[in-house]
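Across the two complexes that follow, subunit A remains constant while its partner is subunit B and subsequently subunit C.
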Partner chain A sequence: MSDRRLAWALLAPALAVLGGLTVYPALWVVWLSLQYRVPVFGISRWAGLEHYAFLIVDSRFWNAVSVTFAFTAASVALECAIGLAIAVGLRGQHRGRRTALALLLLAWALPSVVTAKMFEWLYHPAGGLVNFLLGGRPINWLGDPALALPALIVADVWRATPFVALLCYARLLTIPPDLYEAAEVDGAAGLQAFARITWPLVRPILLVALLFRTLDALRAFDIMFVLTGGGPAGTTESLTVYAYRALFQTLQIGFGSAIGVVVFALVMAVAIVYLWVIDRAERAA
Partner chain B sequence: MARRPARPRLGFGLGWLTSGLLLLALLGGCGERVAPDAPVTLVFKHAKILGPADPVPGLLRRFEALHPGVRVRSEALTWSSDEQHQFYVINLEGGSPPFDVMMLDVIWVPEFARAGWILDLTPFVPPAERDAHFASAIEPAMQDGRLWALPWFMNVGLLYYRRDLLAKYGLAPPDTYAALVDQVRRIRAGEGDPRLDGYLWQGKQYEGGMVNVLEAFWANGTRLLDDGGRPFPEPDRARESLAFLRGLIESGVSPGWVTAADEELTRRPFGDGRAIFLRSWPYALDLFELPDSPVRGKVGVAALPRLPHGSVGAASTGGAHLAVSARTRHRTLAVDLVRFLTSETAQRAMTEGAALRPSRPALYHDATLVARDPSLVALLGLMEKGHPRPITPYYLMLSTTLQPEFSAVLVGRKSPAQAIRDATAQVDHLQRVIGR
Partner chain C sequence: MKGLRWRDGLVLIALALYAGPFFWQALTSLRPDGELLPLTHLLPARLTLAHYHVVFGQSLMPRALVNSLGVALLSTLLAVSLGALAAYALARLPVPGGRLILLGMIAATAFPQIATVSPLYLLLRALGLRDTWLALILANGSFALPLVIWLLAGFIREIPRALEEAAAVDGAGRMAALRWVVLPLVAPGMASAALLAFLFSWNEFLFAYTFTATEASRTVPVALALFPGVFEVPWGDIAAASLLASLPPILIVIAFQRYLVRGLLAGALRE
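Take a look at the complex of A and B:
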C-alpha cells in the first residue's frame, strides 16, 4: 500500500508536468473550439458546436482532409518500402557502409524547412535539376494541380526514408548471421530467406516506424507551407496548414481550434489503432 | 512500521523539489530584468535589413546619443512575413509584449490598430511630418481617421523590361497589356530562342499572388471591395482580369510555372537573361545591376500596363511601417524613436546603406542619393501612383480566404466566373463571422 503511495508520489511531478503542458492546453483548445473568438474584432462569444457544423459543409475542410490522407498514405507507404529496401541493402553492403549511413543521416538531419527550400530549387521548372535530368522539359511540378501533391510526397519521402531505413537496419544487425547460414544450408536463399527470416523479425520494428511516420505525416506542415503554401488551388492544403491559416493568419481562434481538435482526434484514433495492432503482433510473437 | 510513512513523504518532497528547481531554472533563464536604477531600455523589434551595410545599429546609437540614459536594444525578427505576423499576434494578444517599437508589414497596420495592439500616433505626429511621406504610404496607416504607424521604407510593383531587346525591335515600354503581349510575340519570333520567356509574374498561392491579381483588377478599372466593403463591385471586369491572367499562361506569353512562382523564382530567370518582362519590386533592380549580372545595364523599369477598361495601370504598394506597442511603459520615448527612424536623416541612411526605397518624396530629389542610385528618378512617379491593397482590419483574412480561389483560376481548375461566385460566398461568410 505504502509502496503504491510512494510510486504515486514519485510519479506526481511527471504527471503534473504532463498535465500542465499537455492535458491542460489540449482541454483549453477544446474549450476554445466551442466559441467564436476573433480578438482583432473583440469577438468572444459562445458558439457551441457551430464550428464543427460549419466544418461538415466546408469544402475547404474536406479538401484538406483528402489531401492529408492522400499525402499520409502515399508518403508513409513509400518511406516504409524504400526504407526497408535500403536497410536490407545496407546489411549486404560491406564496403562504404559508414559513408552510406552518414549520407542517410544527412537527409534526416536537415530541418524540414531547409529540405523544402532545397526542393523548391530542384523543382524549378526552368532551371531545376529535376527537369534537367528529365531532358529539359519544362514540367511545372509545383504549379500544376495534378503534380504538386506527388512532388511534395517525393520531397517528404526523400527526407523521412532514412528514419525508417535506420530503424530497420538497427533491427537487422541484431539478427544472428547463423540464421541465414542455416537457411542457406537448408536451401532457402534470396527471397525465401527474406520472407522466412528477415520479414518476420523486422516486422515489429517496421510497425513502430510506420506508427511514427503516420503520426508525423498526418501533422505534416513545413513541406506544404514552404513549397506551395497549400496551392495551387488548394490542392496541397493539409489540415494543419488550414488550421495554421485560420489560427495565425486570419486569427479566428475558435474556428482554428476546431480544426486543431479534429487533427488531434484523428491522430489519436490512428495511434490507438496502431498500438492495438502492435500489441496484438507482440502477443502473437 | 515506524519507518514506512516517512518514505513516501521524502519521495514526494524530493519530486516536487526537483520539478520546482527545474521550473525556477527555466524562469531564471527567461527573465532578463533591468535593474531599477539602470537606464531606460527600449526594445525595437524588426526584420534584419539586408543589403550592402545595415544602417540600423548606427541609427540607434545616434538616437541614444540624443537621449542620454536611454538604451535601444534591437531584436531581429525572422525573415518570413508569415512568421513575423505569428510572432506579433502571440505576443500582443497574450499580455505584455516584450518590445516597445515594432516593424509592421503595411497590410497589418489596420488589423493591429483595430485590435488595440498599437498606439494611436495622431497626437504625436504633426500634420506636416505626416504629409512629408507619400500619400500612398500614409493612407494604409490610417484607420478611423487616426494615424497608427509611420512608413519606414516603401515598395511598389514595377514592370521590368529588357531595354536592349525592346530597342532592337524599335519598341517602347508597353502601356497596355495588349501591347505587352504583342511585343512578347514579336521579340520571341525575332529571337527564335525557345528558352526566352515572355512575361514573368507571381502566381503562387500566397500574398504575392494576391498582389498580382489585385493589380490586374486595378488595371481593368475595378476593385476587390467597394467603399462599403462589398466584394466584386464590377464582377464583369474582375472576370476579365482573371481571364486575362489565365490567358497569359494559355497563350504561352507567360510560362506555365508562374502558377507556382514567387518573387525570387521569377527574379532569377529574368536576371539570367531568359525573359523579356518581369513584374517585381524595386529590390530586384540592385541585383540586376551587380557587376557579374548577365543583364547589367540592359534592364529598364516602367509602370505596370493597363487592361481595356482601366485608365492607368496600378501597382501595389508594399513596405514596412513602424508602430508603438499600446502597452509600452515608455510611450514618449518609443514614439520619439519611431519619429527618429522615419525621419529624413534616418531614411537617407537607410537608402544609402541598405538600398531600400524611402517613403519621403523629398529624398527622391536629393542630388547625392540620385547620383548613387539613378533609378530613384523613375521610381518617384511610380511610388506616388502606387495603390494600397484594401485597407481593412480583415485584409489578411480576406487574402487567405481568396488565394485558393484565384489560384484555381490561374491553374485552370475553375472558370473566372465560378471563382468569383465562390469567392463572394466566402467573403459573405467571413463578414458574417466578424459581424460586418
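Take a look at the complex of A and C:
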C-alpha cells in the first residue's frame, strides 16, 4: 500500500465519526435555526431568519447576553489573577510538590455537577458554611437577585483557577533562577523582579490561558444550570441555559437552535483569535 | 533551609484551604442528619455512615456509577483507538491538507455542546439510540476525539523519525513500525490523552442529561443533579453521592498526576 493510501485508511474511521457526529450536527444546527420546529405540536416549517429577527427584540435574549458576558469577564479575570498568584506561590515549592498539585488540581478535575452541589450546600442560608463563618447571618446567596451571579462566579472561579495556575506554573519553572539572582544584583527584587522578569515571560502563556478560559466560560452550562437554574428572576440565565430551556423545556427546537448558533458564533470568534495567536507563535519560533 | 520548609508548609496549608469546599463536603457526608440544619458547630459531635447506606441501598447511584464507568471507559477506548491511527497519519504520512485538518481539530475542540446537542438529539433518536450507553459513547467519544488527535499528533512528532527508518531498514513495513516502534514510545502520551478523554466523559452532563431517560443509561452527574428528596433536600445523602462521583477524578489526580499534567500542558501549549 502506498503511504498516501495508508494515510487515508488510517484517517478514515476518525473522519467518519467526526463527520457524522461533529461536523454534520454543527451544520445541521444552522439549518434547524432557520425552521419552526415544535415536535409536540407536529409543527415543522421554514422560518428563514425570523428566529434571529425575534432575538434582536427579545429582552430575555439580551439579558442572557449580558449575563454571559458579565459571567465570562468576571470569572476569567479573577481566574487569571488568582491563577498567576498561585503559580508564583508554588514556584518556590521544594517539598510536597506532588501533594500541592494534587490539592490544586482536585477542584479542576471534579465533575462540575459535584462543584455545583457543593456550593449549593456551602451557600445554604441555614446550613451553609459561608453564613456560619460570617457569624450566622441568614443571607440567601442563591435566592437574592443581587448576589446569585457573584456567588455563581465564585463557584466557577474555584473550579477553573487551577487550570490557569498550572499553565503559569509550568512556564515559571522554565525560568532559570540565575535570572532572578542577576536581577537582585541589579537591585531589583520583589515586585520589581516580577515586573521585569516574571511578567514578560509569563504573559504569552497567560494570554493562551485567558483565551482557553474565555472559550469555556462562554459555553459554560452545567454550573449555572445545576447551581441556580438561571434564577433568581433570570439573573443567572446565560445564553446556554436559555438555549437549553427553549430546546428541551418549551421544545422549540428551531428557536433554541438559533440561540445555540449565537453561542457557536461567539465561541468560534474567540477560537479564531486563539488559532491566530498560536499560528503567530509558531511562525516566530 | 529551615525557612524554606516553613514556606513549603505554608503553601500546602494554603492549597488545602483552597480545596476546603471539597473537604467540607466530605465532612457533610459523615455528619448525622440532626447536625446538618441548622449548622451550629463546625465539627460534628459524632460521625456516621448512614448517608452512604442510603446512597448505596436506596438510590440510583450504584447503577449510575456502573453506567458512568462503562460509558467513560468505552468512549475513551473509541476516542484513543481512532485518534491514534488518525494522529499517526497526520504526523507522519503525506496527507493533502493535513495542516488544515489539524487546525480543524483545534477548532472542533472549541465547539460548544449546546450548539450540537439539538441535532445530536434528533440524530440519536432517529437511530433509536435514546437512553442507551451507545448514544453516550458515540457523543462523548466523538467530542473527545479532536483533542485526542491533536495531542497524539504532537506526541508522535516528538519521536525521532530515525527510529522508524531503522525499523524500515530491518525490513519492517509501515504498520509493523507503527506497532513495534511508534506505539510503545507514544504510550505515555496515549495515557495522557486517555485520562483527559475519560475525565471528560465521567464529568459530562449536558449530553447525558439530554439523551438519557431512565436508570438504564443515566450517568453519575445526571443522577446527582436529579437526586430525589421526599420532603426536604437530603444534603447528607447528596454529599455522600458527590463523594462517590468524585472518586475517579481524585484517583486520577493522585495516581496519574504526571500524565494528567502532561496532557493538560500539551493540550494548551503547542510546542
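Here is the rule we use: the second predicted complex is superposed on the first by the 245 of 285 C-alpha atoms of A that agree within 3 Å, B and C clash if a C-alpha of one lies under 4 Å from a C-alpha of the other, contacts with A are read in each partner's own complex, and residues count from 1 in each chain.
One rule holds for everything that comes next: a residue touches a chain if its C-beta (ideal position, glycine included) is under 8 Å from a C-beta of that chain, and two chains touch if they have at least 3 such contacts.
All values derive from a computational prediction rather than experimental measurement.
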**OP:** Could you look at A:Q93 and tell me whether it touches subunit B, subunit C, both or neither (first, second, both, neither)?
**Re:** second
Subject >> Chain touching more of subunit A, residue-wise (subunit B, subunit C) >> reply: C
**OP:** With the two complexes superposed on chain A, say which partner A:L6 touches: subunit B (first), subunit C (second), both, or neither.
**Re:** both
**OP:** Classify the contacts of A:F264 with the two partner chains as first (subunit B alone), second (subunit C alone), both, or neither.
**Re:** second
Subject >> subunit B versus subunit C as contact partner of A:W276, first or second or both or neither >> reply: neither
Original post:
First (subunit B), second (subunit C), both or neither: which does A:V17 touch?
Top reply: both
Original post:
Which holds for A:A148: it touches subunit B only (first), subunit C only (second), both, or neither?
Top reply: first
**OP:** Tell me which partner A:T240 touches in the superposition: subunit B (first), subunit C (second), both or neither.
**Re:** second
**OP:** State whether A:W62 touches subunit B only (first), subunit C only (second), both chains, or neither.
**Re:** neither
Original post:
Who does A:Y36 touch here: subunit B (first), subunit C (second), both, or neither?
Top reply: first
Original post:
Common interface residues of subunit A with subunit B and subunit C?
Top reply: 6, 10, 13, 17, 124, 126-127, 248
Subject >> subunit C-touching residues of subunit A, taken from the complex the two chains share >> reply: 1, 3-4, 6-8, 10-11, 13-15, 17-18, 20-22, 24-26, 28-29, 32, 86, 89-90, 92-96, 98-107, 109-114, 116-119, 121-122, 124, 126-129, 131-132, 158, 163, 166-167, 170, 205, 208-209, 212, 215, 218-219, 221-222, 225-226, 239-240, 243-244, 247-248, 253, 256-257, 260-261, 263-264, 267-268, 270-271, 274-275, 278, 281-282
Subject >> Complex contacts: residues of subunit A adjacent to subunit B >> reply: 2, 5-6, 9-10, 12-13, 16-17, 36, 38-43, 60, 120, 124-127, 138, 140-145, 148, 228-235, 237, 245, 248-252, 255
Subject >> Sites on subunit B touched by subunit A in the complex >> reply: 4-5, 7-9, 11-12, 15-16, 18-19, 82, 85-86, 89-90, 93, 111, 114-115, 195, 197, 203-206, 209, 255-261, 265, 268-269, 272, 274, 393-394, 396-397, 400-401, 403-404, 407-408, 410-411, 413-414, 433-435
Subject >> Residue numbers on subunit C that touch subunit A, as the complex places them >> reply: 4-5, 7-9, 11-12, 14-16, 18-19, 21-22, 24-25, 28, 36-39, 42, 78, 82-83, 85-86, 88-90, 93-95, 101, 103, 106-108, 110-123, 138-139, 141-143, 145-146, 149, 174-175, 199, 202-203, 205-206, 210, 220-222, 224-225, 227, 235, 238-239, 242, 245-246, 249-250, 252-254, 257, 260-261, 264-265, 268-270
